[in-house]
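Take this structure, written in structure tokens, and hold onto it; I'll ask about it next.
Should a chain be cited, it is by its letter among A, B, C and D, assigned in written order, with residues numbered from 1 in that chain.
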Amino acid sequence: MASVQISEAEKVYIMHGVRDDLRVDGRGCEDYRHMEIETDVVSNTDGSAKVRMGHTDVLVGIKAELRRPRPNVPDEGYLEFFVDCSANATPEFEGRGGEELGVELSNTLYKVFNSHRSLDLRSLCVCPGEHCWVLYVDVLLLQCDGNLFDAMSIAIKAALFNTRIPKVRVLEDEEGGKEIELSDDPYDCLRLRVDNIPCIVTLCKVGHRHVVDATLQEKACSAASLLVAVTPRGAVTCVRKLGAGSLDPDSIFEMTETGKRVGKALHAPLMELLQKDESLGKKRQKVGFLA
Amino acid sequence: MPVDTKRVRGPEESQSPVLFLPPSTQSPAGRSGQGARGNADIRPVFTRCGLVSQAKGSSYLEAGNTKIICSVYGPREIERKDETDMKSGRLVCDFRLAPFSCRKRGAWIQGSEERDLSLALLESMQPGVCLHRYPRSQIEVNVMVLENDGSILAHAVTCASMALADAGIEMYDLVLGCSLRQDGDACLVDPDVLEEKGSWQSGYEENQGRVTLALLPNLGQVSGLQADGEMREDALPAAVRTCIDGCHKMYPVVQQAILRAVKKKAPPPEK
Amino acid sequence: MAGLELLSDQGYRLDGRKASELRKVQARMGVFGQADGSAYMEQGNTKALAVVYGPHEVRGSRSKSLHDRAVINCQYSMATFSTAERKRRPHGDRKSSEMSLHLKQTFEAAVLTQLYPRSQIDIYVKILQSDGGNYSACVNAATLALVDAGIPMRDYVCACTAGFAEGTALADLCHAEETGGGTALSLALLPRSQSIALVQMDARLHQDHLDTLMEAAMEACKGLSKVLDSVVRQHLQEVSVLSRD
Amino acid sequence: LSTNVTCFVRTAEPLEYHRSFLKENCRPDGRELGEFRPTTLNIGSINTAEGSALVKIGNTTVICGIKAELALPSSDAPDKGYIVPNVDLPPLCSSRFRPGPPGEQAQTASQFIADVIDSSNIIKKEDLCIEKSKLCWVLYCDIMCLDYDGNLLDACIITLLAALKNAQLPKVTINKETDLAEVELQHKRHLQIRCHPVASSFAVFDDTVIIVDPTAEEESLCRALLTAVTDEDDQLCALHKPGGISLSAEKLQDCISRAVTRNREISKLIDKVIQSTEMSK
């Protein structure tokens, strides 16, 4: 993963700061950086969102395509994840350099989001066994300064909220042949329920404490972190230990608790913001990167 | 699609006969197959070290029908010299499922599941190995699952740490793995394939999940943790504790296998 | 596609523009904090992002470095969701490699590479949304990013496309016009010296018409250069206001 | 001290070291020139495969798993099924193999096995057809080396044959009404094995000395390799000699007659193991 190298003295400085609940940028241990969220930024997608968290910048575009359902779940649609670690984020990712990380990230996203508990996959089915919607969730990393997972999960949730899939009707003719008709009314569309979609909170163990939303520098001081996916109701849907170090059981429990608390608190303002953003409708000034 | 010219190719498309079973027989009854096993019991484990003559160290592990073989090569010169600091060694993990190891045939080319498992294995093993003792070199761990009957990642962790020990690689501690399946109120340790799937993927029931944990038993440190599924508030910590207990249950078996391998390599002086 | 009428009898184009009218251009410099230079560019519905790293030591093998000037390294990629049909891969296909090469050639002509011997300048461009004129949006964005990075250039490099329909030259084509069957020409121009950094045309055109087409493209480029210049000036003003206090 | 010296000679001048043994008509591991390493067999240990076998020749360990799938027969042979053999030499089995696509040796081995299947007719491909131009079986024979210490081909053929003999396919019928296949797992039958090919490999040292069943070290030092495949009727099914020095017809005949006796030994072994596996059930 993209990383920075820092000196021993810097490490000590950061670790002492974390011990006293005062981080280099003035935050407390459980504070996120300033976050900017904007939806509907790329017009030729079915849903999109951009999240900026400090110097971490993520753009998510969702495209829906009609495909055959998977044979083992014929009455459900599914999600596909692709993470493009573009060279924009760091020159290391040039050519095929970002591929490995991209696969790693998309695998984890798949585990976190592609379950019928977080999204009603059945609503994506058009015609059991024959047609279903596949949501291609493409994540573009534009800049990375740590805490990719959290930023990606928020962007994905926002983009799913923003997604509008055209309504389709299945017409059956006399011989039993089926035809699919797309609704041409742009307002006649399917929205996704995002109430249960989890957000990821990554906790980074620095010294004896752990911090939320670690920057790359803080990450360099830590050997292990814990990824926790939390739903708005506070249920944990995914836990992963990341990094080369190990954790003692007690800190795992503590970190999951913190993750739960922080994650739960994250959802409400996020939904509020998304709803407010949408109610502005066309009046909302689209700034995109022009902000 | 690029054509794979380096292998003997079959027809473009073929389907597993499992897909054509009459619907009634498609999901054979749950847990009856294993006979009487308590929910908290691990399956009988058979382990052996030093089977692969060409490798520096190797091990074989059988838990129920799950069969895993692992070999360790190195330390040898680092292959990719571009990045990484040279002060500490590199651990390289390759996790593969043999094409015939699952109910559905797998492909030869490493899929994303295997890559994911390789990474999980690497992150679980890394904290246990004294990599700073092997500057400028890499240690390769190759794991092959011959038959997948559940809990492969957990057993692969155990198997890999035995192979590392057999290869004489310096370690802080062994790494043991254990996995668990939360199915409603039942908490099944060391699940087999049927238990792993269970009603979780088809149903919408409460408190379903899966936990895999890797433990350094003497240091009491958790080196790997993966939990998926929506579990009740108290179920997750309980599951972690149960897995830790499960790991400790494996410890004597693993110890014995390593001891045997050591004795074989350096027989104690006869009296 | 014969059915598509690129220019109406009244002289309006598909999106209501006049023949020589450019699409709305919006741009911003310094969008990212981590890169040495960055810029975002919208030309109508085409959105491009450019990032510049360097000049820095040559990465990878030493043999690539040049003793008398800097190496320019470009990568062009498209977001998988940027086109109407989803792309499977962001880069690495033949078209992106060709585009990367074109960008490299363009900027080798414009950047004062001899000021930075034995070093490398990375230019990465990404198309976020594609609606025709990808190449020109990339060039314009990259120019702004280079300015943002403070890398000396001979002049702005401005790029624009021009097409030819029913005897009239059309400036700054959108996607429908590009694929509509007419001729399309991309031009990258250093406006002050009127020198051409790169020109490309892949379709048939009677040589008598070439002059009109080139003329239209040059005009469009000059128009763009004014916009770019104002963006740079405005950015500098903002920055200097910020740094004054 | 003497062990140290021999150790040194073995690493520094491996060929000389081997020659010194061959002169005495024996080999460094104590075998005679015409002696195979102990060969053991384990059949049906992989439950997820339709048929499986693991064979060990000395240290060399090879496992074969057979997975059967259903497919459409090809248009140029509508009454035939498919057999798809592939040999994999994963990095697990020796440090000489790297991860990634199969190397040259794995490719040649796969092709060799495919040729043996075709030429010997182990299984008639017509037997794998369920309904003409509609449905047939594909037998994926995935052979994987777990420990590479020479003589890969012999081991591959033995494990393939044993796995095929072990394989059982469920009964499949095509439902006349729905035109879909129906699989009955309760009714399984063995494949009809029509031929029992067994391979024997030889290595040539110094133009004249021929040894059987070379180890990895011997393979790397010898001047030529030869593999002969014969069936139970003493017919030659395949002969494989990838380059190296030439061999007189006489010597070749010797090799083939050794291969014929080897076939007897292995056939006996396979039958014995199959019997005991069935007994233990």
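In this section, a contact is a pair of C-beta atoms (placed from the backbone, for glycine too) under 8 Å apart; a residue touches a chain by one contact, two chains touch by 3 or more.
It should be emphasised that the depicted structure is a prediction, and the values quoted were computed from it without experimental measurement.
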Drop chain B, keep coords as is, and the touch graph gives A, C | D
Measuring between Cα centroids, what's the chain most distant from chain D?
C
With chain centres taken as the means of their Cα atoms, state the distance from chain C to chain D in Å.
60
How many Å are there between the centre of chain A and the centre of chain B, using C-alpha atoms for each centre?
28
Centre-of-Cα separation between chain D and chain A, whole angstrom:
50
Distance-wise, how many Å sit between the C-alpha centres of chain B and chain C, to the nearest whole number?
51
Junction residues of chain B - those touching two or more other chains
none
If you connect every pair of chains that touch, what shape comes out? Choose line, ring, star, complete or other.
line
Contact pairs between chains, per stated definition
A-B, A-C, B-D
Which chain C residues qualify as touching chain A in the complex?
26, 28, 31-35, 40, 42, 45, 47, 49, 51, 53, 59, 73, 75, 77, 79-84, 86, 90, 92, 122, 124, 126, 128-131
Where on chain A is chain C touching in the complex?
42-45, 48, 55, 57, 59, 61-63, 65, 82, 84, 86-88, 90-91, 94-96, 136, 138, 140, 142-143, 145, 288-290
Within their complex, state which residues of chain B touch chain A.
19, 112, 115-116, 119, 123, 126-128, 204, 211, 216, 219-231, 233, 236-237, 240-241, 244
Please give the residue numbers of chain D that touch chain B in the complex, ascending.
45-49, 52, 59, 61, 63, 65-72, 74, 82, 84-86, 88, 90-95, 99, 101-102, 106-107, 110-111, 113-114, 138, 140, 142, 144, 146-149, 170, 172, 180-183, 185, 216
With touch defined as at the start, can you tell me which chain B residues reach chain D in the complex?
4, 6-11, 13-18, 20-22, 25, 51-55, 65, 67, 69-71, 73, 76, 94, 96, 98-103, 105, 108, 110, 140, 142-144, 146-149
